[in-house]
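Quick one: structure below, then a few questions.
Chain nomenclature is as follows: A, B, C and D, assigned in order of appearance, with residue numbering initiated at 1 for each chain independently.
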Amino acid sequence: MSENVLISARNVTKSFKLPGNKRHIAVDNVSLEMYKGETLALVGESGCGKSTLAKLLMRLLDADSGEIIFDGTDISALSGRALRPFRKRMQMVFQDPASSLDPRMKVRDIIAEPLEVWNALGKKETDERVLELLEMVELKESAMYKYPHQFSGGQKQRIGIARAIALNPDLIVCDESVSALDVSVQAQILNLLKRLKKDLGLSCLFISHDLSVVNFIADRVCVMQARKICEINDAKSLYEHPEREYTRYLLSSIPTIQVKNVF
Amino acid sequence: MKKEKRQNAAADILRACLKNKAALIPGIIILIVIALSVFGPLLTHYDETSQDLLNRLMPPGNGHIFGTDELGRDVFTRVLYGTRVSLLVALLPTALAVAAGCAAGVCAAEFKGATDFIIMRLADIMLSIPGMLLAMVVLYTLGGSLTSVVISLVLIEWGGIAVVVRTATLEIRESEFVEAAVSTGAGRFRVMMRHILPNLVPTLIVLFTLNIPSSILSESGLSFLGIGIQPPDVSLGLMAGSSRQYLFQMPHLALAPAGMIMVLVLSFNFLGDALRDILDPGRRTL
Amino acid sequence: MSDILLELKNLTVSIRRDKEDIPIVKGVDIAIPRGKIVGLVGESGCGKSMTAKSVMGILPGAARVSFGSILWHDPDGTVTDLTGLKEKELRKMCGTKIGMVFQEPMTSLNPMMRIGDQVAEVLLIHKLVKNRSEARDKVIQLLNEVGIPEPELRYRSYPHELSGGMRQRVMIAMAVICEPKLLIADEPTTALDVTIEAQILKLIRQMCEARNMSAIVITHNMGVVSRLCDSVYVMYMGRIMERASVRDLFSNPIHPYTRGLLSSIPRIGENSEYLKTIPGNIPESEKETVGCEFCLRCSEDERRCFFERPEETEAEEGHFVSCFTAGPGNEVHHE
Amino acid sequence: MKGLAGRIIGVIVVLIGVVALIFVMLRIIPGDPASVLLNEHVSQANIDRLTRTMGLDRSLPEQFFGYLAGVLHGDFGRSYYIQQPVSNLIMEALPFTIKLTLLSIAFAWTFGIISGVASAMYNEHIIDYLFRGAALLGISVPVFMVALLLQYIFYFRLSIFPLTYDGSFASLILPAIALGWNSAGSIARLMRSELMEELDAPYMDTAKAKGLSYRKAVLVHALRNAALPVISLMALQLSGMLSGAVITESIFSIPGLGKLALTALQTRDMPLLQGTVLFTAFLIALGNICADLINTLLNPRLRTG
């Protein structure tokens, strides 16, 4: 089983300093395993620590204690240069498509940035790769030389996804990546993510507060409550037989469309 | 690639300025003033320092557009030459102060810790001395001259600029697109060159334009008091100061140079405001 | 006494931009029956918020009602057009007869004022109490009613000291303290977590029932409509596409947009490989279209939609649709 | 109030920095101060004697700590030129500067706030353009130009106010206006932009939905929120005012701190210049602490957080 584990957290704790020498614990002694090729969803209400946990896994934040193990290597102690090869293998899609794209860069440069960072390709090959990526996220070729503000929210998120898959990572982390989008656009992006995941064999850590969205995309679901993991299970079992009181409460709160529909 | 991108950004800003009347009009006025002061000698057949004691304190007219001063020098010519000094004082120390403030602010935000603490306390120290008095300390040590005025203006201004640049840098560093760049593996240097500096440019342009007026005003104040630029160098403030005693007989002697200062400062303030509106990323609609 | 409380007739709201009037709400007809909760759903930019704000006369700077009327029916039969009221009269109406709850409870409350004072202010403006202490008693009683624990203590709190859910309860208290006949709720739960959302929806429902108050609920969330509303209007690019009772709309959506929207929502207990989506993006073009606003993204293959705008037709009893495919002669079909 | 203690310590650190900075800057002068002070025909023995009495024969750090210790006891040294303790001279000059500054602050606040609020409330209306133009003019006019114009109009043409300071209240009015002019402009501009921002805030919709009229909503709700940054600016402006006071006091012959500093510079009186600059820095620090205090009192988020 363990060679199947892509990334895992062991007893990870993270706290932030507050003004006046107080500390706010954001993630409290959490352990979690994520398998290769699966989509694992982290769900919970705001402030439950799901985003912090994801950033800890990606080493965008440093944990106070505990270990992060990526593909058999403990990366929690690595820093700077030693960490870089792992950065290449994990990429992130952010919540707000508007603020996660540099407003002063053209789409071509945004998507090419990871390629340039890794000196992967020459200029011509980079352009070709960017075109290929644009096609994968269903954007037109003409998008290359435009600025982010010339796109709608959904299109910006596609650009963000193209950047994330540019280096063929093993893992992409989607931090509330569809929650800022309108329903009709959200559905398009969800479909795109699901398709890319299948085509590219990605593992995906999907963070969301929306249990219906999670139900659509996730293989396994991890419910977080108050900085800790409350319940973790296969999506199907979790939705049909929630074990914990809190999970049941969360599920019952979703404003579902109650009339049986006919499609 | 990089060069082409930067040119385009500059062209975008320029195009927006040309479309915006609030930026265009003061811009044109400033260009006219610059042209006047550069080509000044061609417009008048007087010399800025040659005295004509027979024709002292002449009223405007008779070949002297603004009349003559207490030593019979042509006031119009002297205003043109004084404007040169004002423009020099507007641009040079402000540019130096923006460069120094930008370097200090970015360093403070980037290195944090002790560097941040020291730079910011230094800025605090500068900011807690009134500009005029700080300049007087410099002038005490170095004596009144153009050079010492430039040095004091840089000292007065860099601190405030550093504080603004530091805040702006921290804000950009916190933004998601920088986080995105870091998560792709981009190093510190790349983040700085590709993301932080380009996004600082609008802030710097606005800081530059809005600090020019205070430079002009400070220089003119110092020279007015007779402790800034010294004769025989010409300065608008100096002219206003030395003709103060003739205020009631010949008000235009003091008011002509003062009016020129006002036109310059007003134009730069207008331009700065317009640029801030154009460049404000929040409202940016290029 | 008519059973309609508020009626929007051919309401058109335009924004002035670059010396041109761009319509964002295009001839909308909405009727709100007494004691009922009406939902107004649509995606961002469809004009649903503007519709609500035009009722309160709080449209943002460049926007204004350019056409149509907003009719208020008093129980005694008098009808007032709110668009024709003077600012002062409209303000009197707001607060006393119409209350409003906004999306973002943090910024919608004044951060510099104690929440109790903010609620009491409504009573004081409309001179419904004799003095401050009477206002205070009333406020505390109401804070208790909307489910704020220790209301005496909370009266003196500032907005930032409360949680999001509590703030929204304060907003609701503020909206209903003058016993208005109509509550306008603009995305009341969008900024809240699901569990809090469920509580707030329940509270709004209770408030409406207890006071025989009508409500317009503006939301993008079909689930909220389904939980809270009696009838629903679906809006797209400034126009009403479909209106029906909640039960009819969800059991038999007719307009291609409504159907597309509903199939875009992932649901629990229904595992399809991919979601059925509406192709394309919400167009940003501000040009007035000749045909149906939805024609570019529509799944139906109808040529005349591009040249002609469909009239609203009654597809079933009480179920109105603006689409050629839903005309009386057309078979309503689901794929 | 723990934050305040921290602030005060910070201010003290900065003030010590100011002492050090001024001390060093005044001593990197070419040539030694004693010989600069006395003229060239004085014997070396006299120079040496003066050097000793001024303590200039000691090493620079020694001099610095000696001076710092003196400053902490309120001793700023002796003036070379006027031959009196610097602290006495400052205390004599201080009341004049305080009177002048307070009066011009009152002027600047009144005009700045009124015109800022008016131009925000009547945005894009003719009133707005008028006030905005006036404010821009306010920050663009050199202090001395305002002063000279005021003298020309109100003394020479209209003979309403005296030309220079004669101890009377009336003679302070022109200088106060000249000095407050710039600040009034920048307060008006900031007031307007802050208020405009607040007018778009969602709570303004709430206020109107409650039934408040536009005017009341602005004055009751928005103004409260827009006030905080404006108060912070006012403290910053104290620095600008003390700068302007040098010019104003010189034009109107007011024997205040600015005039004292100018005299010190013109007579090359190092201890006096040093003392005056330090003292103004101290005044500014005091102003900043006051502004912080007011902000803390007014802002509920700072008060409880």
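By definition in this document, a residue touches a chain if its C-beta (ideal position, glycine included) is under 8 Å from a C-beta of that chain, and two chains touch if they have at least 3 such contacts.
Keep in mind the model is a prediction, meaning the values are calculated, not measured.
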{"item": "Graph distance between subunit A and subunit B, where chains that touch are linked", "value": "1"}
{"item": "Centroid-based (C-alpha) most distant chain relative to subunit A", "value": "D"}
{"item": "B-D compared against C-D, more contacting pairs", "value": "B-D"}
{"item": "Distance between chain centroids, defined by C-alpha means - subunit B, subunit D (Å)", "value": "21"}
{"item": "CA centroid of subunit A to CA centroid of subunit D, Å", "value": "53"}
{"item": "Distance between the centres, which are taken as Cα means, of subunit C and subunit A, whole angstrom", "value": "33"}
{"item": "Shared-contact residues (touching 2 or more other chains) in subunit D", "value": "305"}
{"item": "Contacting residues of subunit D [partner subunit C, same complex]", "value": "200-203, 205-214, 216, 221, 224-225, 298-301, 304-305"}
{"item": "Interfacial residue positions of subunit D with respect to subunit B in the complex", "value": "10, 13-15, 17-18, 21-22, 25-26, 28-29, 136-137, 139-145, 148-149, 151-152, 156, 239-240, 242-244, 246-247, 250-251, 258, 261-262, 265-266, 268, 270, 273, 276-277, 280-281, 284-285, 288"}
{"item": "Subunit B-facing residues of subunit A, complex", "value": "58, 60, 84, 87-88, 90-92, 94-96, 99-106, 109, 113-114, 117-118, 123, 149, 160, 163, 166-167"}
{"item": "Complex contact set, residues of subunit C against subunit A", "value": "43-44, 193-198, 201, 220-224, 226-227, 246-247, 250-253, 259-269, 271, 273-278, 281-282, 284, 334-335"}
{"item": "Residues on subunit B engaged by subunit D in the complex (per definition of touch)", "value": "121-122, 124-125, 127-134, 136-141, 213, 217-218, 220-221, 224-225, 227, 237, 240-241, 244, 247-248, 251, 254-255, 258-259, 261-262, 265-266, 269-270, 273"}
